[in-house]
Structure formats: C-alpha cells, structure tokens
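After this come two complexes, each holding chain A, first together with chain B and then together with chain C.
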Partner chain A sequence: MFKRKSKSSSNENQASMDSEDAGEAVSVPTVGADFIRMVSDAVHHTADLVVKPIPPNLTLIYIDNLVDTVTLNKHILEELLEQPIESPENIVSILSVPQVKFAQKNRESVEAMMDGCVLIHVEGYAQVVLALIPTPESRQVSAPENESQVIGAQIAFNESLSRNVSLIRRYIKNPSLCKEDLEVGKQSKTSIAMLYIKDVASDQMVTTLRQRIADLQIDSVLDSSILEQLIDDNSLSIFPQMLLTERPDKVSAEILNGKIAVIVDGSALAIISPHSFIEFFQSQEDQNLRWQTATFLRLLRFGAVVLSVFLTPLYVAALTFHYEVIPQTLLVPLSESRALVPFPPLLEALLIELIIELLREAGVRLPTKVGQTIGIVGGIVIGTAAVQAGITSNILIIIVALGALSSFTTPSYMMGNVIRIIRFPLILLAGLWGFYGIMLGFCFILVHLLRQTSLGSPYMAPFYPPRLIDWRDSIVRLPLPFTFKRPTNTRPEDEDKYKPEPVNPEKNEQKVK
Partner chain B sequence: MKQFYFFVVLLVVSVGLGGCAETKILEEVGLTTLVGYDLAKEDGVESTAIIRQVGTELQSKVSIITAENATIQGTRAKVNRRAAEKLESGQLRGVLFGDEFAKKGIGHSIDTSLKNPAISEGMLLAVVEGDTKSLLEYEYPSIDEIGQHIHKLLDQNIKSEQVISSTLHEVSYDYYAVGRDIALPIIKRDEELVDISGIALFKKDKMVGTLLVDDSFYVKLSRDDYHNGTHELKVKGDELSSTLLKDPPDEISLVFDPIKTHRNLKLVDLKQPEFDMNISIQARILEIKDNINIGDAKSAEELEKAISKKLKSEISRVIAYCQEIGSDVFGYGEYYRSSVRNSELTEEKWREMYKEMKVNVNIDFTLIRSGVFE
Partner chain C sequence: MKKSLQIRPSDTINAFLLFFIIHAAQIGIGIQGFQRIVYQDAKHDAWISVILAGLATHIIAIFMLKTLEIYGSNDLYGIHQDIFGKWIGNFFNIIYILYSSVSFFAVLRNYIDVVQSWVFPDLGTWFLAASLLLIIIYTFTGGLRVIVGMTFFSVVLSIGLFPMIAFPMKYMEPRNLLPILEANLGELLKGLKSMSFTIIGFEILYVIYPFVKDKENAKKHIHLGLFATSIIYLSIMLVTLTYFSGEQLTKTIWATLSLFSIVEFPFIERFEYIAVCFWMLIILPNLCLFIWSAFRGTRRLVNISAKKFVWIFSSIIFLVSLTFKTRFQINTFNDYFGQLAFYIIFIYPIILYFFATVKKKFKSRKEQVD
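Here is the complex of A and B:
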C-alpha cells in the first residue's frame, strides 16, 4: 500500500516539475501590461499583490505583507518619482537600497517577490529590477533558555537565518568560513544555510551533507529539528545523531573543530554534524572552566547518566530477585518501607516513574508561573502522600527523584529525553529477569550504539574505534596545551587546532636565558 | 518483514517465559541471618535458624526456629514448614557449630554452603562452647537480634585482628588445601553477653583441640602478617637484666600493639622437615606496669630482647601443642608442597611428616614510636 502511494506522488512531482521547467524558460515580457498579467497569474491573483504603475513607464509589483513599507516609501518611491527613468540600469544607480538585482526570467522574478523583493518593470525592456526590502520580522536575540551557562556568552539564536549567520560570522571572522545556500520544501521553499570552514571541514562530509539536503523530496521543513530527522544516518534510532543547539558559541566551536553547521530559516536551533555520542554530554562551559573543574563536572554528568539509567532498574531487580545483594544495614529500612506497599516492585517503580514524567511534562506545557507551583505541589504533595498512603516506599521515591534529576544534567535536551525514556524498558526487563534482564538491555543498547554512525563517522568514537588522542577531551578534559588536535571523527583536512605549546611557557623562557 | 515477525515471536515468548522466573520479593521471604548446627540423636542434625521477618507495623521481628533431621538440607525443609514465609539463605551472615557437632566433622556443611550461589563467601563461621541452641535461644536483655549481634561481634574482632579470620572463603580454602587446617573462633555465652573464648583447631574437618583466645595471637602471627590489634604479655622479671630495673618483680605485664609484622618461612631440611620461621615485629608499647624508660635506647633494647624471648617460647609452645593434636593450622604443609618440586604431597603423607616437623622460631622484635598512641 505504501509503495503504491509513494509511486503516484512521485509521478505528480514529475509532472509539476516539468511545468515549472517550462515557466522558467520564459523571459520577462517587454510590455508592462503583459508583465502584470504574468505575475498575477503566477500568484493566482492573490489579494495582497500590489501593482503600482508610475507614469510614464514604470510598474512596481510586490506582495504587501512581505515588504517593508517605510523603506519602500522613503528609498524607492521617493527616488523613482524625483526624476524620469530611462532604463533598468538607471534605476540601480538611483535606488538607495543595498540589494538590487536584475532578472530576465519570469520564474526568477516571481520567486524573488516571494522573498520580499519589489519588482520594478520598465516599459520596453525584457528585464526587471529586483529591490530586496523584506519586513524585518524577527525578535531580538535573547539569552539562551534551554542551554543556559554561567560562564560564557549569554546569547542564543533567534528565528532569522541572516541574524543567525551573522552571529556565527561574528565569532569566526575567517574569510574561509563558507556559507552555502540551499532550499528545501516544494511548498515552503525554506532557506537553509550550510556553514563550514573550507580547508578544515572534510570535503567528503560537506559533499555528503549537501547531497542529503539536496536529495530531500518533501513539501516543507518547518524547523531544523525536522530537517535533522530527515538527514541523519538512522532516523529509526532513538538516539539523535546530530546535535541541535541554540548557542552560537557552541556552533562556532564545533565549526572550528571541523564540523558542519546547518541553519534553517525560521528555526532557533542549529544542526551540528558529525556528532558522537560522548559529545552530547559535553557542554560548551567545559571549555570555559578550568580543566580540573571541567573534568569533575564531566565525570559528574557521566555518572549521572549511569545513575539515571540504571538506578531504578537495579532497585527493581534487587528487590524482586536478588535480595542477597542488599547490604545488611539497608535491609531493615528497605524491607520496612516496602512492608505496606501492595504492589510488586516492578509496578511500584513504573507507577512512580510515570508520575515523575507526568510532572515534568505538565511543567513544560504550563506557563512558567503555574509550572513552578505545579512542580512543588506535585513533588511534595504526591511524593509524601504516596508514601503515607502506602502506595510506594520512601527509598524508591528518593531513587526515582535522583534518576530524574540526573537526567537533566545532560546539556542536550534531545539526549536528556532519550536517557529518561530508555529507563522504562530496562525497568521492565529488570522486573522480568532481574540482573540478567538489565544486562540484556544494556548489551542491546550498547550494540545499537556501536552500530550507529553520524554523517558516516562512528558514533561511539573515540572509544570505539579507539582514538587515544581524542580521549584527552572526552569524559575528561585535559588542559588546553594537550588538546590541540581536532577530533578525528570529523576527519578534518587540517588536523591541528594550534601548535602544541610547552605546558609552562614561563619556565622554559627562564631556561633559555 | 520476516525479521519483524521473528522479533514479535521472540518478544512474546520471552515475556511469557519471564513469568517463569521465580521471584523472591524482599518483604515476602523470611531471611535467615544465622544458623546453628548441633548434634542430635543418632548422628542427626539439629538446626536452629534465626529468621528476620517484616511485620505490618513497620517493625521487623526475629523468630528462632529449631528442627531436627538426618541432614542439613532436611532440617531446612523442616524449618520451612514451621515458618510463615519462604526461607531464603541469601542473607546468611553466620554459621555456628556446637562443639559436639564440630568434633563429628563440619566438612559437609562447608560443602553445601559453597554450592549455594546465594550464600556469601564472606559469611563467618564459628564454634560454640556447648550447644548453639541454648546460646541462641537465651533472652539477652541488651541484645536486640542475636543473629546480627554475633555477626557483628565476630566481624569486629576479626577486623581488629583479635581473633582468627573465619570467612567461608578462607575456611573452605583451608579445608580443601593439602597441608593446611581450619581454625575457627569459639564463642560462648558469658552471663548476659556473648564472648569469644578461644579458637578451635581442626584436623581436616574434625575439631581436635582448642586454644585460649590469647594464644590466637600466636597462631595468627605464625599464619600471616599482622597490622592491627593489641596483645598483652607477661615477661618474667628475672629475664630482664639488672641494669634495666633494680629489684625486678616476678612478672611484668605489658601491652604492645604490633604496627607491622612479617613472617618469613624457609624450608631448611626436606627429609625431616625442618623450617626456619623468622618473624619480624615492629610494635609500640601501650602500657607497661613497672617504671621502665623505653625512651632510653639501651633499656629499650633490653626490653626487646626479653619480649622476643618470651614470644619465641610462647610460639614454640603453641606449635608443639598443634603438632601433638595433629592440626596444621599454620599451613606448613602447604609451604612444603609449594617449595618442594614434585613433592606429590598427600594428606596422609603430610600428617606423618607433621608429627616429626621441627620449627626454629626467630623473633626480631623492634620497639618504635613509643611516644603516642590513640
């Protein structure tokens, strides 16, 4: 059934593309009235199409909601009315608008109009002048909310592609920073920018990514998170294989590491690839802090992941099957708090985990002010009441809360979600088969992770395949003099970030003297 | 698609089979924390089990159940029939043997404990003076749970090296190794308390003799290295020279604390066999009855000599006693086996040789850090 459907839709695609190809070849008519008819036909006589003839020989066409009327009045209309216009070249010289182009083809001019151009047609000429004056509809850049940091830039992307690119260009002023423009979506025609540093990023990876985006046959891409699912290596996997981030400093740092960034117009998140599993747990702040602190925080974060995934399953397994591993001192409090609970440990754990997930989901959906209240009400009232009512044991509440808390330490929101969700099958396995079940689940996850790739590079790098030099900046972070190499999984054209300097330059200087 | 069906079938089968796994939910099992074995009529076993159960009023109860049968596992089934919850032995922390039972042999008990994967290798074993039943069933006013109390008592004293370590791991090693015998602590009820009274010496799996608790220091000293603990010693007054103390009393009591000891064994004669045992002890004096200035190098040296002499005679006495009863708790046989190529030592062969064995004890006692102690 699916096959048939896709086949018919591809046929339609073919047909529509043929007609578009025909339209593209038609050049702009020389007669103004013909041009007006052509344009209004192309946009199916939409109500917000404005046609403004300026006697004796000019015609202005634009979409009302797409152009900035202040600029239009001040810098186009005023100047065009001031003196008679003889040719399109003449217009370019007098317009005080930065982006002015010529177009010879119908299709090209209509598309430019949809981007926010004013079309200026001069009677008798087979070309049209395009003056780009789009409405400046984007909010101010604000502080990052989902990936906040104490030390580091307090700036996040917003929904404007050009603003986002400018943010990155401000960090990397290198002329080799390439921006490639791509367009995806038959209906939405979303602009997409691909950013990388030539001679640093791997050419092969750039080609692969460009090809993946260009090959997309889809009607729209409304957000970069959708694009990410469309272009990653295994879209069936629960693990994201490309990073989504709202931090321009993170994107810049990764571009400098030889990675490729993709920015989608209308989305406040940039895509970074290739990105390995370990890198999802590294924060940009780790680079900003001193290396000892950064190493401690990284170890804490990895510990939190292990805790978050395995703590509740271990509780369930130990209480259901392996009572002998419980330390003697814990035996009495554990069995006493379990004594009144009517459910087996499996059901008890699933219940509390679901309550925690409900609280989290409710907290996300509710407005900020109400969200906090619900958090307190839910956390304290339900937590205490559940124990008092004898539905759950005290110790499980602590374990579950600890697990939930730990999962929020992951800097990537996408990965944090995954960490919380893979706990559920593990709890189920623990309840069915005890420690053997947990081990089975762990092996399954590990095998799956080992099989993944991110833009063709191994997902579990630098541990498998082992890249010893990258271990310096993995679950630990060594001081900067040791981490001068770019990560090998990006296969950079230029491997060294900088020349390895002596660890303590002052000492060496003294020696020279 | 075929693969998909395969996984669906696998999932259904595995979830179905998941129900077959026997659950042992913590609050639904009775946890045996301590078992005592006594000799019953007609060579049977009388087991006394201490079982912890969780009550509904959030208070755990301890019950003591006794049963008699021909075998250990038989008594276990019998005890189970008298318990409210299914008994599990995964939290077993100690096994006690009545002395009559120990004289008959504890080998099968060690064997069954080892074969049960739920039982910890860190479980402690001990012999009870008299029978275990009366020790366990006595109502001690100051002890809440006798099972945990005995485990803690033994554990604490083993950790501070006051008594020989008797974990299942070590005991089973001693039991199965050729040329090494088991030594277990002995406990008894002393009025309202439980007390460690000595150590039991075994020949293979049968208890053949006992030593006082003070002598366990010498056994331990000649078995392995020492890091902890204190020892009280009485040195004869006439063994000290007159320069050290004028008009010495008959005996001087002193307490020392071995900071570091090292035992070095050397086989000097294969035939007879003869061993040189050099023990170096670095210790500090904690308390000395008479007024001797240990700070003075000369008197310290005199004291070292006297203590060495005393220790040597004590250790020789303990070794002689062990030889007499035929229990090689020091592991000389094992040392012999491992240092003689192709010795093909068997149990019987070593028992013969052990009687003839000669050990030359040399003690190198050094006093250090005689300033402070905690």
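Here is the complex of A and C:
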C-alpha cells in the first residue's frame, strides 16, 4: 500500500519537474539587462542577490552570503578592473581563482550560483563564466568525541563534504579510490559522495547502492543518518544495517575491506555498507592493539552486551517465578534487600531502568559540564534515596547500573541504543512468563537477526552462513599474519588484503642461516 | 531423470551444514525421557540398544543417500511420483506429509507438556502453543536460509548443555551396568524400536538433499551428524543407567531433566528450570524442519504460497494441540507415533531403495531396447 502511494506521488513530482525544465532550459541571453532579469526572476528577487555591473560590458551576479568576499575583492574584482575584457575566454585567463568554468544554460548558471559561484556575464555573449569561491568552512576538523580511542588517529569528520573526502584520500592514495557524486533531495539538492576502491569493492554492491540512492524521491536529506534509514535493507527493523561513524580511519579501513562509504554534505558521519551485526561491536582500536589485548577487549565487549540485555530480565524472572534457581546463600541477601520493597520485581525493575534511561537522556541534552554533574548527582542521589525509601533493592541497583555501563561499551552509538532499548520488552516478557518469556524473546531476536541482510549480504555473517576464515577476526582477533583475507561478506573482487607473511620473520631467517 | 528439482543458487546450502541439520533434527524432545522407555525393554543393557539404534541410523542413511543419488537432484516427493506414477506416488506423498505433520505435532505437544510439568503448571496449553507457533511462523516465512541458520545456532548454543551431565557422574555407580548382555537379542531390538521416537529426524535428508550445493561432500557430514547424535544419546544413557537404580528409572519420565536438576553452580541451582526453557531453542529447528518438509510435499500436490500454508498448518496444529489434555493421552500418542515412525524410518527407506533400483534397471533396459 505504501509503495503504491509513494509511486503515484513520485509521478506527480516528475511531471512538475519536467515543466520546470521546459521553462529554464534556455540559453543565456546575450544582453546584460535580460540576463539580470532572468536571474532575479529565477531566485524570486531574493534580498541577498547582488548585481554589480562593471562598465563598460561586464555584469557580476552572486548571492551575498554564499561567496567569500575577500577572494571576490582580491582575485576577481581587482583583476577585472585592471584591464578591458573582450570575451568570456579572456576572463578565464586572467582570473586567479582555481575553479572557473562556462555555462550556456540559465538553469545551470543559477544552480551554480546557489553553490557559491559568482556569475560573470559579458555583454554580447550567450554564455557566462562561473567562478567558484564559496565561503570557507566554519569548523576545523577536531578530535572524535563520540568514538574516542586511546591508540589511533585523533581526528574526526566535520560537516564539509570536500574536507571529509580529502581526509579519506589522505589515508588511501590509490588512484583506484573512486568517488561518485550523487545529488539527493528535490529542495535541498544535497551532494552525496560514494567512495569505494574499484577492483576491490563488489561491482554488484556498488550498483545496488547507487541505485538505492538514485531512486530516492525525497524533499531533502539533512544528515547521513536519515539517508542511512532510507537506503538500508529493512527500515522497519530496530537494528541498523549500515554503520555510521565519525572516524576517517575506520572508514578507510572498511573501504580497504571492500566496503562502500557514503558521505553526505553537511553531515559529520559517514555511512559504511555492508556491515554485519558482529562488526558493530568491533572498534577500530582493536586493530591497533596487540592481538591478545584486542581479543580480550572484544570478548569483554560481547560479554557486556549479553549481560546488558539479559541481566535485568533474568533478575525479574528469577525473583518472580523461579526462586528455586537461586542458591540459598544468594537468596538470603536478595530477599533481605527486597524485604521492604512494596512492588513486584517487574515494576521495580522497570522503574529503575526508566530512571537510568532518564538520567542518560538528560545527560545527552544538557550542556557537557552540567550534564556530567547532573549525571553523577542524579545517579547517586536517586540510587541511594530509592533504596533508603524502600522503592528498590540494592542488588537491583547494582544490576541495572551494570547493564547501563555495559551498553556503553558498544563502539557504535546506534547499536548501543538498540541494546539499551531491547532490554525493555525482555523485562516485560520475563515479568510475565519467566525464563520461558526470556527464551521467547531471545528466539525472536535471533530469528529476526537471521532474517536481516545488509546490502544483500547476510547480517549474521560470519557465523551464519559459517565462514570459518572470517572467524579469525570476529569475536576474537587473531594476529595480523592470519587475517590477510578481506571479509567474505563484502564479496570483494580481490580477496587478499596482503600476502601472508611468516608469523615470525626474524626467527625464520635465523633458521635459514 | 525427469522432474529433477531446479533450485536457485541462492537457496542452496553448504554440505557441511548438513551436520547441523541432521543433528538438530534428531535431537529434540525425545532426549528428555528416552531412557525409561528403552529401559523397559532392554533393562540395564539399554545402552547397547542405543548403540544398535545409532548403527541403524547410519545404515538407513546409506540407503537414503543411495536412493537420492539415483535421482541426482530430486526429493522424496519427486521420487515417489517417478516410481509409483502420479496417483499412487501422491498417495505416498500424502502419507509422508502427514507423518511430518504428526512429528511436528508430537514435538510441540510434548514440549508444552514438559513446560507445564516442570516450570509453569498454570500456563495454558493454548498460550504455549500459540507463542511457539508464532515464532515458528516467523522463522518459516524467512525461508530455508533462516531455518538452517536457526539449526546452526541451536546446535552451537546448546553445546554448553552437554557437559552438564558431568555433574551427576559424581554419584554414579558403574556396577549398575553389570552383568553386560543380560538381555537377549530380541529385547535389545525391542529397545532399538523404542528408540525410534527419539532418534528420528534424519529423514529430513530426503527433502533437503536437492538443496545441498556440494553433494559429493554430503555423505561425510551426514554420518558425522548421526555419529554425534549417537554419542550424545549413548553418554546420556550410560550416565542415566549408572545414576538411577532400575526401580527408580522406571518411575522417572524425564530422566535427562532429572539429571539436570542436580547441576549446581555458585549462582544457579535447579538447573532444569533453565534447561526446560532453553529447550525451546533446541526444538525450534526441529519443528521448523518438519513443517518445511511438510510444505515441500504439499507444494507438489497443490499450488500454495508458503505464507498461506504456514498459517493454515499452524491453526490446525493449534486446534489439535488443545484436544490433548492429559499426560496419559500424550503418552499413548507417543507410543503409537513411535511405532509408526519405526516403520516409516527404519523399514520404508530400504523398500524404497529396492523399488528405485528396480525402476532404474527397468528403465535402462528399456532404453537399450529402444
């Protein structure tokens, strides 16, 4: 039903766009006055349109806030005033601005103006010169804030598409690193770049992703997270099927694995696809650390996820239905701490979990410095007070805090959110049907995960379908000499990342001697 | 041969997944209480019956594989139609579909019974049946990939349960097994027959074989799967026989679960509560494979979509499961079903193989004459 609806509306859009095309696909008028009228009509006489005639035969038009005034004065106006201009070609040769080109059509020139071009019209010629001098970026690149790492590059994307692409190009200097430009959004006309390495990334996947982006019929894409929701395989699922990251080194590593990155202008997050479920829990730092440490940390992280999802439900189930499961020595402190609590375990757990979520949400919204303080104060005050007031038990506070702490260990914020939300239905199931309810929830999640795909490749890879060679870099990370293959999940055109070296080259050399 | 199945490459599975499929299809609900039934026939030599049953599965699997190899890439339903013609073949197909459906029902109803007896005496049959069926519907509509994925995770995640039988070994009395071979061959074979309810499931091979990508490796993984199952049954049987006294065992319906009940950790006691609930993960692939096998057969008879089929099938099963009320009814049903299963699984494949070879010889002779 939804599909049909969106189709009919898209047809209408198409029709209206066609009529616009007919009106604006006109050549640039040769007379300066006509050109000025045409441009100001096209932007509906907006107040920030600047028209600057330079006698005898030149007209400059630009949007005030989109062009860099310093460059305009120094490199365009000065040069144009110095000597008489005879033709557009003449302008190109004297301007000391790197990006200059011609436009013959009205529509093209107006669109370029909206990108930050100055239009220079020469009386008597049916073309304009476009000099691109956009206002400089407002923000410098900074250290990653949400995906911080101890060992590794301390640099994150910012909101400029060109800067972000250059950050990746600095890691991968191979000319085969392809950048495809796409444009999405009828109103916003957002530039989108697709990055992948030709001969490494699967052609089929590149085509699929390009098609998905090109097929979008939408007003605007203001952030890559919106684009991600629009182009992933199952947008109804709670699990994200593409990774959002702010780390250029992570993006480069994944591109080198044969994945495809998508960068949206105005967004500080890059999309990486295909990305399997297990990879959401892997941090780029795992590659930088020694393999034993990395493996330990990964196992810790996976343990934390399991703990975070199942600990509170297990508590609720055990205390509501299955006292027998708890050994007597543990049952005594449990029942002592719960002796004063008037609520059933389900209500108690939901209450505390909601308070923790509240604190967390408040911590995100509040300014950084206040947020931390409020978090600590809120945690301690509410925790202690709740226990003293007899609303909850001490042990539950420990369990809930442990669960909350564990959910922070997930490197991907999007996946961390899933972990934190998915607990609630499980708590409800546990409160209603005990262990049986938890098992129902677990089986449902497992089947759901098995049904998902990421850009057409299985979401539960490399576990199912089992690809033993990829297990080397999954919940464990074996030493680098063993992980020379690219993950099968990306269906890479070239499978080997590097030639497997002997595990310990120096020792082998000694043997040869 | 004609009517060989055309299967899209995306639907095929690797041969080594057959290990998980065969293993998961075999181990289901029977393992929870097969000891008592076998013990009634073979007494303390029941473990020999288990070994014999395990050997029998290997032999039957060889017959099944030979039959399937004659046809290259076709399932039991197609083979029936080829050997017996359309009408009689379809009659056999219906019998096999019914058998799959009844197996499905047997697993589901027994599991519900176990949950009610051990964990939730007050939880209605309708709720347990409905909740399980909904998950099965969700798995089934995902297609074969998801079903096989479930079997894979089921086997991998439940490996952890197996070492738990080490706990009762502290209290075992190996002399219970002596004297060996007190039962005669007839009693041992009777014990084997009683095993059939527990050990069936590997007949899924008949239906899943055409979906295997590298068929030349299939044999190895099938036998490995069967072997793993036999080892598990044998070790559980040995632990049971040495842990319980004979008198006690005849009164223990779910001996395996009783074994679990003495598992103890510093933070968990009465492990059987967890085991019974966790068993859902073990029976799910079982159920999904049975329903899938029934669907493949029904597809040959009538043109029906998977979605429609699974909803109709589930509603019927749901209604039927409500009609069984007492443990006694379920037990009687199990006994009858066990006997039926014995003939279908242990006798029929040999007959079918015989027919298939005769038909093949007949055909090749005819071709020579032509």
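Here is the rule we go by: the second predicted complex is superposed on the first by the 499 of 513 C-alpha atoms of A that agree within 3 Å, B and C clash if a C-alpha of one lies under 4 Å from a C-alpha of the other, contacts with A are read in each partner's own complex, and residues count from 1 in each chain.
Methods note: a contact is a pair of C-beta atoms (placed from the backbone, for glycine too) under 8 Å apart; a residue touches a chain by one contact, two chains touch by 3 or more.
Note that this is a predicted model, so its numbers are computed, not measured.
With both complexes brought onto chain A, simultaneous placement of chain B and chain C is prevented by a clash. With both structures placed on the common chain, the touch criterion links A:F435 to chain C but leaves chain B unconnected.
Contacts of A:T320 after superposition: chain B is touched, whereas chain C is not reached. In the superposition on chain A, A:A339 contacts chain B only, with no contact to chain C.
Looking at the shared chain after the overlay, A:I54 reaches neither chain B nor chain C.
Looking at the shared chain after the overlay, A:F444 reaches chain C, while chain B stays out of its contact range. Once the two complexes are overlaid on the shared chain, A:A214 sits clear of chain B and of chain C alike. When the shared chain is aligned, chain C comes close enough to touch A:Y464, but chain B does not. With both structures placed on the common chain, the touch criterion links A:I421 to neither chain B nor chain C. Superposing on chain A, the segment of chain C with clashing C-alpha atoms against chain B, chosen from 135-143, 153-161, 207-215 or 243-251, turns out to be 243-251. Shared contact residues of chain A, touching chain B in one structure and chain C in the other: 321-322, 324, 326, 433-434. Residue ranges of chain B in contact with chain A, taken from their complex: 14-15, 18-19, 21, 23-27, 29, 31, 52, 54-56, 58-60, 88, 90-91, 93, 118-120, 148, 151.
Those residues of chain C that touch chain A in the shared complex are 14, 16-17, 115, 119-120, 123, 128, 131, 135, 138-139, 142, 145-146, 148-150, 152-153, 156, 264-271, 273-274, 277-278, 280-281, 284. Considering their complex, residues 318-324, 326, 328, 331-332, 334-336, 338-341, 344-345, 432-434, 437 of chain A touch chain B.
Those residues of chain A that touch chain C in the complex are listed here as 321-322, 324-327, 330, 433-436, 438-440, 442-444, 446-448, 450-451, 458, 460, 463-466.
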